[in-house]
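A, B, C and D label the chains in the order they appear, each numbered from 1.
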């Protein structure tokens, strides 16, 4: 019946057949096509946690960038010095000119919060980077040695991992004290200290995923084809090992900020208290918790919410990138 | 009457995020099974054939009542011995499972609990349905393993899945399935994960077991070879619907639905004249149209016409009694050549 | 996970908010939380553990606070004051030269271990100290002996000062005579020090058997000074237990006490290292009193019905300058400019507890030798600017060290005080670089070695003698200050060897005037270390030297 | 099994040795000495010099290192510059308190965390799940010391339900047997003492538990979710087994494997949390001692503590491995 001689009607018939078909056919998009990251991003967009996390971080970063210009007053000038009496537990709460009230030295709390965001972000990012870079190097060496180094390589690997194990075990603030003890107390010290804490985490992570990748089929394939080992590591293993590291980076931004706060609480924080940083502000204010709770609450909430933001985003990214949870 | 008669069974999965609370707007639902109907007689071996994604396994799970309750809606009826499995209460179906209804899964390794000894995994079902405990249970388990052809059962009972070979694992699973001489055994691609030599053995084993116990077997597979070797009755599924149902001989002799026709055309046959090209079906199962709008196979069909695109085609018996075909213009002897001609031209 | 996190975020924020509001706003306090059980135990919270049960080995207030209840020296300060008063010695006198000191001892005094107190016992003590060897000669162990009496019978280290102690003889059972080689401004004040409190001879014999060892990296105190049982004094309480893991020292009333017996049966000193830790403990009724109240808490506590008696000031807080570290500081104008730039009044008003005063010289007005005629440097930013301009130091840059993680009686909140002064100096156009350091060892080391251009430090008097203040800094060249000024040094020399109290006081006045004219540093303030008690306590007379005698305490 | 243990213990030696070298080098770079820590304002340069000479801190580095290592091998960690007592003694003195606290915290974390995580996974999307997930998120994001302050301010100071600091109320004189306040009370039959000790434990333990609890909840939840999707659970269901059997034998057992490792690692990290919590509640354990040591720069103590922790950590890992190989047959063969 479909072999009809006359052409023109058939053509038209064919045409609208196809149209009809086209409009009916539902293409269930196949995930196989999209690349890991494109796909991950697609899933992120649909993930509320990611959106919220992203929003929080976005806001935070925005404040960190433009805060200093938004700040109505100088964060360090003790403009209302005469009005605050820490020694009598008399403080000034929120009011028209000072939205968040004054701190214990008569400075505008709101301005300090705004400006503090930048410091906080700075501490978080820098220390995370320190941890990431150092950790990545160690992990990469260890992983490469393990995958390609043969017996000696494996020995190197075990040694490195033992050390990182121990580092993992040491309470972060002890590491911090050690660093502070050698470098003296400074903002850099804080960053390094918090960074050092992250090193073993990144190292283990990168190594782990490299080992996983190392034994994966495509690497075996690459080996089989006889690609030089270094190239395999650089072109095959490394790129594919990075996604977990990136996730971890996001997460450790959260921990870094919290760690920094803990350090300031132990008096190992940023030495110049005049420069506002949420962790320092919190540890300063908690002395007056009974008389001026809000003074501690502002920085505390700041820290917690920011940390939450990074954690949410990080978790979401992990899910998005996790092949197990895909599809 | 039939032991199992499935009537217009449909399974719908709520779309992404659906069924997980109001949080995210439920997206397009997907109909995995869209009105399957077939019957299984006592002791009969029935095949469900179709390429992956056509809803075979989902059908099986639906019958076993193993589909997650959340985000899944099951429609139609599935009468097992007169009782509807689909509307049956949790408690009742639990009692049926393992005793009257049993199932064998695709991947023997992942289907066995890695941290529980084989012994326990076998005896637990005996304890549950036959009240066997302790020594007698162990004895029975051993003899079961023996029956499914696992050498040195007493040692194996103490071992863990990872210590067994692929074939043995599947045998163990089968042992559990037949432990209570069920009346219906559902085998979901029982051989796909195994290498060819083992496949044959497993199929043999299944065959003799069902013969011995008079168990009915619902064989789910994409492998027409298996069907040819085993089944009495065959149902060809496409996009969640049976498109052709016939006895084995009838089907292999005269595949009438263009899909079935295509399937058979796409497997190499020794008796085919040399040089006669294989004729694969174009496109993939992903290009389809909802049965409601017409024949889901249309986009891949060489013979489709406007009629194909107007509503679900009815089941007809264009060739022989009991040979049902769901197609507006089935491949009948006259056209076979024409159809192939168009493809090759 | 997906959407719950989003809800989660919401939930969290609310939860947090609730918690914070709850803590922040609810201010009613429950007074019945008193877990002290029967009211025959008085619990006092201190900021730090004592170092040893033998005051002779200590140099810190926390140790003395405890031992003072169990040990008595020959002399003491009158309760609640800073005047010398009789203790184990009823009367005392010295010869013209101030080298021979005669003590008429109290009779019918017994030690906690039943030993009899007499002149022999006194000399046993002094000789015991004088004959210390090895690690005991380290000033970390025997600081006060060395400040009062110099070195030992046989000095082992060239750096150890030469002995000034000559002998102690028991004229009769109740008369002890102590001779020294040279008159010293530290006498008779020194005889009142806890470090020179009298121990039972039996205990001393025990002590002698044990040695303080210094191995590896620190000094190990002898066993007897760490576990209650051996040490025995004559005080109203006797030390019964030192529970380190519980951070508490327990004392029981000594019923054989010669004076008026202690009113409360059991006395416990607990360590709570943080200020709010102590405050909360008091508010929660866990303790009956504590020392070093954060000024911020004084009002709160008072309004909550607690007693916060004010002590007289007996300390001085100052800004030190190291003229060698920063040459600019050698110009008098610069030092004066700094003095004028700092707003002491505001600092006192906002940081110090009630009773704090701005200082005009390097000693509080409670010390004999305080002079009203010293040159004053009132707060005047303009003047400061102009002085700097005059010395063409308008672009003056200074490094300002301050200690972290510490509060001292004279500086309740070092960091805040630093920030205030920094702001002041910057107003006067001085660029200030903050240099925070850990109190010990970093800060101490740095300041003592003159490693800081500007630093803040203070002093709490050991006994009422001007030399105990100004003498410690300006008697001779000292790295901390890094200046040589004959005028200043001589003024103190003459004062220190004058034995007639009245004359000496006048000389101290002169010295103070000379010092303030030269202005080696800027005296800032004197602040009374606030002490707090529960409302059901009759507190002891508070002492400017923080020498409270808890035997006076009782419950209402 | 034994070989595993032996091997690990052998590995321990070089690790600790290496660590000790690092520590010594670190120590050697440090400013100041005990003198000024003891004398405060009253220290002068001369004094400091004298004391250092006395302590042999003026000798050449290698001599000092010799002494250092020798001491380490004699399990002699040196002397605390704050208390002037042997570090080892100070630790043993305070160890029970911290163990008590850590155990309490871990107990809370496990007893609450595992069921919570399990049911959160089972009732995915329910309010329980939401609370569990958000709670654990918060637990991870709130600074421990701030949480501790909140708890203290709310329950100890404002509501006065729990004591605000310390291990035991002063009124109670408990006889010391093991040093574990709670245990002692039970042993000696002084139940009031035990109860008192427990009351003192609650707040710090809760604060300290926050992070482990959060982690355990999340891990349990995740791993239960994963296991629920496993084929073997479906198999078990297909056998018509009782819910209870399926959950106990086929879900929980498998799901808890990863959690066990986590618990091990967390225990190691508890100690650092203890430093913060203990110092907020002035709980007389190692934690608060370390805090004061940090303030006083009491390096012998800090070094001792680091070595000590390294030891504890390695041992815990060993335990975890052993435990793991006992539950998971797959590990046994390798």
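Simple rule for what comes next: a residue touches a chain if its C-beta (ideal position, glycine included) is under 8 Å from a C-beta of that chain, and two chains touch if they have at least 3 such contacts.
Predicted, not measured: the structure shown is a model, and the values here were computed from it.
Chemist: Quick one: name the chains whose C-beta contact count is the highest of any pair.
Modeler: By number of C-beta pairs in contact, the leading chain pair is C-D.
Chemist: Taking CA centroids for every chain, report which one is farthest away from subunit D.
Modeler: If we average the C-alpha coordinates per chain, B ends up farthest from subunit D.
Chemist: Which chain would you call central, comparing Cα centres to the global Cα centre?
Modeler: That would be D.
Chemist: From the mean C-alpha coordinate of subunit B to that of subunit C, what's the distance rounded to whole Å?
Modeler: Distance between chain centres, rounded to whole Å: 89 Å.
Chemist: Taking each chain's centre as the mean of its CA atoms, how far is subunit B from subunit D in angstrom?
Modeler: 54
Chemist: Report, in whole Å, the distance between the mean C-alpha point of subunit A and the mean C-alpha point of subunit C.
Modeler: So the centroids are 48 Å from each other.
Chemist: Between subunit C and subunit D, what is the gap in Å from one C-alpha centre to the other?
Modeler: Inter-chain centre distance comes to 37 Å.
Chemist: Would you mind listing the residues of subunit C that make contact with two or more other chains?
Modeler: 1-9, 12, 16, 20, 23, 27, 405, 438
Chemist: Residues touching two or more other chains, restricted to subunit B: which are they?
Modeler: Residues 17, 20-21, 23-24 of subunit B touch two or more partner chains.
Chemist: Enumerate the residues of subunit D that touch no fewer than two other chains.
Modeler: 125, 137-138, 141-142, 153, 157, 279, 291, 295, 297, 299
Chemist: Where on subunit D does subunit A make contact in their complex?
Modeler: Going through subunit D, the ones touching subunit A are 11, 14-15, 18-19, 26, 29-30, 137-138, 140-146, 149, 153, 157, 226, 265, 268-269, 271-272, 275-276, 279, 290-291, 294-295, 297, 299, 302, 305-306, 309-310, 312-314, 317.
Chemist: Which residues of subunit C touch subunit A once you look at their complex with the stated criterion?
Modeler: Against subunit A, subunit C makes touches at 1-6, 8-9, 12-13, 16, 20, 23-25, 27, 275-276, 279, 294-300, 346, 349-354, 356, 404-405, 412-413, 415-416, 419-420, 422-423, 434-438.
Chemist: Can you list the residues on subunit D that touch subunit C in the complex?
Modeler: Residue list for subunit D touching subunit C: 27, 31-51, 53-57, 67-68, 71, 76, 78-86, 90, 93-94, 96-97, 125, 129-131, 133-135, 137-138, 141-142, 150, 152-154, 156-160, 163-172, 179, 196, 279-282, 284-285, 288, 291-292, 295-297, 299-300.
Chemist: Quick check on the complex: what are the subunit A residues that touch subunit C?
Modeler: Those in contact with subunit C are residues 47-49, 51-53, 56, 76-78, 81-82, 84-90, 104-105, 185, 267, 271-274, 284, 286-291, 293-294, 297, 300-301, 304-305, 308, 312, 315-316, 319.
Chemist: Would you mind writing out the residues of subunit B in touch with subunit D in their complex?
Modeler: Against subunit D, subunit B makes touches at 20-21, 23, 61, 64, 66, 93-99, 102-103, 105, 107, 110-117, 120, 124-125, 128-129, 160, 162-163, 173, 176.
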